[in-house]
Amino acid sequence: KDHFKVCWSIYAGWMPWAYAQESGIIKKWGDKYGIDIDVVQINDYVESMNQYTAGQFDGCTMANMDALTIPAASGVDSTALIVGDYSNGNDAVILKGKKHLKDIKGQNVNLVQFSVSHYLLARALASVGMSEKDVNVVNTSDADMASVFGTSDVTAAVTWNPIVSEILQMPNTYDVFDSSQIPGEILDTMVVNTKTLKENPNFGKALVGAWYEIMGLMQGNSAKAKEVRTDMAEAAETNLAGYDAQLAKTHMFYTPQSALKLVDSKQLYTTMKHVAEFSFAHGLLGDGAPSAGAVGIQMPAGVFGDKNNIKLRFDPTYMQMAADGKL
Amino acid sequence: MGLNMKKMINLKPSRTSAIIIGLLPFVLLLVIYMVSSDARLAINPSDKMLPAFSQMGDAIYRMAFEPSRRTGDYVFWQDTLSSLGRLGAGVLIAALLGLVIGLLTGALPVVNASFSPLLTVISLVPPLALLPILFIVVGLGEASKITLIAIGITPFIARDIQRRTQEIPSEQLVKAQTLGASTSQILIRVLLPQIMPKLIDAIRLSLGSGWLFLIAAEAISSTDGLGYRIFLVRRYLAMDIILPYVAWITLLAFLIDFLLARLNRRLFPWSLEGGA
Amino acid sequence: MSQSIQTKTAVSNVKKAAVTPIIQGTNIGKSYGQDIILERVNVSVQEGEFITLVGASGCGKSTFLKMILGIETATEGELLLDGKPIPNEPGSDRGIVFQQYSVFPHMTVLENVIAAKGFQKSSITGYLFGKEKKVAKQEAAEMLAQVGLGHALNRYPHELSGGMKQRLAIAQAVICKPRILLLDEPFGALDPGIRADMHALVLDLWHKHKLTIFMVTHDLKEGFYLGTRLWVFDKLRHDPHSPNAYGASITYDLPVGHMPEPLYDEIDQQLRPITKMEQPISSME
Amino acid sequence: MSQSIQTKTAVSNVKKAAVTPIIQGTNIGKSYGQDIILERVNVSVQEGEFITLVGASGCGKSTFLKMILGIETATEGELLLDGKPIPNEPGSDRGIVFQQYSVFPHMTVLENVIAAKGFQKSSITGYLFGKEKKVAKQEAAEMLAQVGLGHALNRYPHELSGGMKQRLAIAQAVICKPRILLLDEPFGALDPGIRADMHALVLDLWHKHKLTIFMVTHDLKEGFYLGTRLWVFDKLRHDPHSPNAYGASITYDLPVGHMPEPLYDEIDQQLRPITKMEQPISSME
Amino acid sequence: MGLNMKKMINLKPSRTSAIIIGLLPFVLLLVIYMVSSDARLAINPSDKMLPAFSQMGDAIYRMAFEPSRRTGDYVFWQDTLSSLGRLGAGVLIAALLGLVIGLLTGALPVVNASFSPLLTVISLVPPLALLPILFIVVGLGEASKITLIAIGITPFIARDIQRRTQEIPSEQLVKAQTLGASTSQILIRVLLPQIMPKLIDAIRLSLGSGWLFLIAAEAISSTDGLGYRIFLVRRYLAMDIILPYVAWITLLAFLIDFLLARLNRRLFPWSLEGGA
């Protein structure tokens, strides 16, 4: 197999994939390993993951929690090939007219159910000794969140950027809890099919190689870096300032070393345990799942859950190669 | 000359054979589904794409007959009730508006001249694109869903009723006037009652779009409803819930259509045959 | 058409009566754009006359009735009702029965007639209540018995035969006590057997209610026997290259009962011509 | 209906000819569910006859033509074509012209007739090409000249008058050289003036192409002058409480030219009755 | 009796006054918008909900006449082209399928008996609920958008054509048979050409839904297109782009409808008047 397809959707931490395709960097790396890789943009995040799960793509960008609840829970053995960033304020709980998280009690909270926003809410509530029972969750599409928040009946929302900054520009809105308070828990990854990766290590090498080349290009304040980021900004229908603002709340792992530090740590294990428990409590691991460990997660720090049913793997091999300059 | 020698165009199947060959495609589809589902499940037993019928049965049984752990509701019925309520309210509003607009523009040339162009333009605007404005005007609650349905189908109903009103033979209007009827009397006594069965027909025709807008509205913001559930569980690819939900919506659509047709025949026995 | 212009002078044989005619038309013309339909129609009708109108299809008979009804206006000349310009919309003094669509399909027979009574009231809806309704109901039932529909009061029009529908339309028109009754081929769609009954009915009502009747028919025999006066509509001039260059007028205005046999045959031949030719024909029309 | 049963024996006066009749029906009956439309119809028609059918509306004249056409089947008795059971679908040996809808509105006059030629070919589309097309075109143009449409070859039917449309329908039917031509009130919707021309045309074609014609008309005068033989359809028995309990049959089968005046008047009165009654009428129908 | 004394129902405005009172509601709407927009902008100058016309003009000028720095495309025109292409392809496929299905089921009783029940059921399934399944079956490429449009409107067109075919007077079929026509000849020469103008009418009627499905599909899987853009900028609440885009879609819808109507009159001059 020498033709591969990966998909991505618009999000600050994933915009490099737009640049990868456009600048030809991905083609360059494909050529180097004798394969070719299509990088396809998909408008709807959920749909991109579904397509990957259905087998239409060999890889897809998604958050760690979604990797567990969508492909892994559907029995598609997946590997987090690149951990690109963690949300460091990009996701936020926003209240209208109230400045403290505690005031959320009893309110309707608009968010995309079962997404990382939902997870963030659960973590936020736990931090002040409340649980989801104390609020009323209203499923709301992310595309409409901004316009919806302008109406008087919406007083609380959990969402991500660029919507967060859009909403915070409205008068009388307050960011009462955001992902910077749970650093390293909302990870944005490039997930690829484990079987495909095993059979085609070159596929992994090309993706990782391209990624870190772009990371090198976009970082900093050089004219080139600005130009690269402007390209990414325009692909996201915003401008350099807007995109930089989003990046400010995204902790990018510009180097493989920094990513490896997190992946190899015990913290990842704890995070994934939280995530698995949250997912289990919301029935996201499937109705037949007997426990939070129903879907096994393999990490450098150990396996969480069912060792005989490992479907999600954090594999540092390829990032390590990048770190070692072996790509 | 036996039946078999007839030209294809003259061949008419008997009642029984019509029923049998009518069912055939359905049976075929079911068989195709079952075979494909088995094939996929054989490769990956936790595949969610084409669940077996037993899986779908289990999923729906759980949703329909076991109270939800979180809320204590019977989710399936709760979704059905909410959706039907919204659909009903939206369609009702659209029907009323459509009736008034259609009747007045259809019957009174002056009103027609002033509102028809606007109506034409409005009917061309894709309502889904206008959602943000809708939210500003009516907020996000139930009102927004009902309004979206109403906005979506009112132009269709209004234009249909307008056309139907214009189709009423002008002889009747002339006749009414020779009997001394005023404009309001003609509207209320001659046109309105004759338009009522057409209104029910127009509602039947617009229910398809009604469901569409309902699902779109519920996908945007909701806490229950059939469309909400489909879009929610799409997140984890629960086709064992989506497929039965789609089938259920189809059945509901069929039942509503059937009941409206019955209602029409019941309420307006005179409307079945042509003119007078 | 083989008649000579001379025979058409019959038209002007209208006697000038001392009483104001109920309908008087002088030099009436009607055209739609370039098409001239009627021209130079001169009529004077006294109250109580029963006029039957015959003529080829499309020659303007219905148009003439519509002008009396007030839904068309003459483009030339003047049409007077009781000596005053005719109103430009229908009113309850001029009743009409069309060939079709003359009754309200959503009302029962009885409701159709009661509604007619209700429309006389100047309320928003014309609904009748209480005593008023009772009176109207009784009056309607009587009228319906008169036209032979006493047994079908609660049926809807679609449950009636063609003849019964026309009876209903007539009852509806007559109960409003119009002075003029316009009938536009009222029996055109009916079976011959039923038509005879309808003739009897119309004559009966004409006598009883002292109506002035204008009735269009395509059957000369019917027109001849039914009316007190027969009008034949035809074109005075004809341009074969431009069929609508000239309009029709009244070519015969005959008091019924005074028609010589040859004239009857001539008109009949004009309305239902039969020609047996053996030689091949060339292009025509 | 005042005729006595006796006069109806005329029906059986059909002479048994030695040649096989082109159409022979014995004891034909037709009913739709409970409604009996036709009963005990016995006919025998020789090639070349021109038969006109008259009778009240709904008595089954069209139904009879449909049985010859093959789109309805007799529920009783046997209808033979050339001594063999009649085919149960239409074929090109039996042409038809209806009162309406007899030509294809999307083809020009010429195309209508060429298409008829094309349908004779057993290809999938019936389109003609090359020489075949040229021949068909010429033949069609000739036929159209014959019926007087030579000047309107490229017009669409909606640009034709009613009479021209019927000419076209006839040309279309005749070019396929049918042995039997069925005409169901072909001139019912036409102006009287035009009808006379059409009569001439039909008689001309009948002679030229040696057709056997069955023509339904509602005008006795027309039927009487046009055919070689006149059939009157009527009910032999009548139950006023259940109008469809008995079917119609052929009550008169008359060679044209031999009809006594009183009989003509009697049939005419039956088809176009006029009764003048002065007394109020009671409920009827 | 002057014109003024006529009953309302008999009042017919002249051509000019009809145009004027027809434009009135539009002017009114514009004024209302401008007032509300000014009011909102006065309170919060950076409000994005109801942008001023100048803002919208700027935004669209940028998209339509300044090449995108990134791709060099003129975004507005690129979006328009992509969307029209998809709409055209989807509608064309639906028209072809609908024509074949409708014609065959309408003309041949045997085919009707075997496919009509299936067609009825399919027409009741709300296509939006099928989106998740659709994307999995046909993927996310251009195919998915075109398929959604086609699936969405084919049942409508097929059923309309079926009804229209059945409306063709049976006399014509009988006549064709007496001229010796076979079933295929009747289908191709008699029915098909007469159905073509009805097909165009059916397309015109279904274009509204077509736009809806296009927008829904582009919202999910696309990288350009009018629906994509609206969806994308909705996150930034960029009403200065959304509103002109909606107006543009409405105008396009109107133009397409108008052109199809003209086309119909051009191609099928014989279809304007009733039967034959």
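Letters A, B, C, D and E name the chains as they come in the text, with residue numbers starting at 1 for each one.
Just so it is clear, a contact is a pair of C-beta atoms (placed from the backbone, for glycine too) under 8 Å apart; a residue touches a chain by one contact, two chains touch by 3 or more.
In this text, all values refer to a predicted model and were calculated from it rather than measured experimentally.
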Shared chain contacts [chain A and chain C, defined touch]: B, E
Of A-B and D-E, whichever chain pair has more C-beta contact pairs: D-E
Mean-CA-position distance for chain D and chain A (Å): 82
Gap in Å, rounded to a whole number, between the CA centres of chain D and chain C: 33
Chain A and chain E, separation of their C-alpha mean positions in angstrom: 38
Chain C-chain E separation of Cα centroids, rounded to whole Å: 48
Junction residues of chain E, two or more chains touched: 7, 10, 49, 132, 136, 177, 182, 234, 237
Multi-chain contact sites of chain C, meaning residues that touch two or more partners: 89
Multi-chain contact residues (two or more partners), chain A: 50, 54, 144, 147, 150
Interfacial residue positions of chain D with respect to chain B in the complex: 85, 87-89
Residue ranges of chain E in contact with chain C within the complex: 1, 6-7, 10
Complex interface listing, chain A residues touching chain B: 46, 50, 53-54, 69-70, 73-76, 110, 113-115, 136-141, 144, 147-148, 150-154, 284, 286-287
Chain D to chain E touching residues, read off their complex: 69, 71, 89-92, 94-96, 98, 100-107, 115-116, 118-120, 122-127, 156-158, 165, 169, 172-173, 176, 178
Residue ranges of chain E in contact with chain A within the complex: 44, 46, 49, 68-71, 132, 135-136, 139-140, 218-223, 228, 231-238
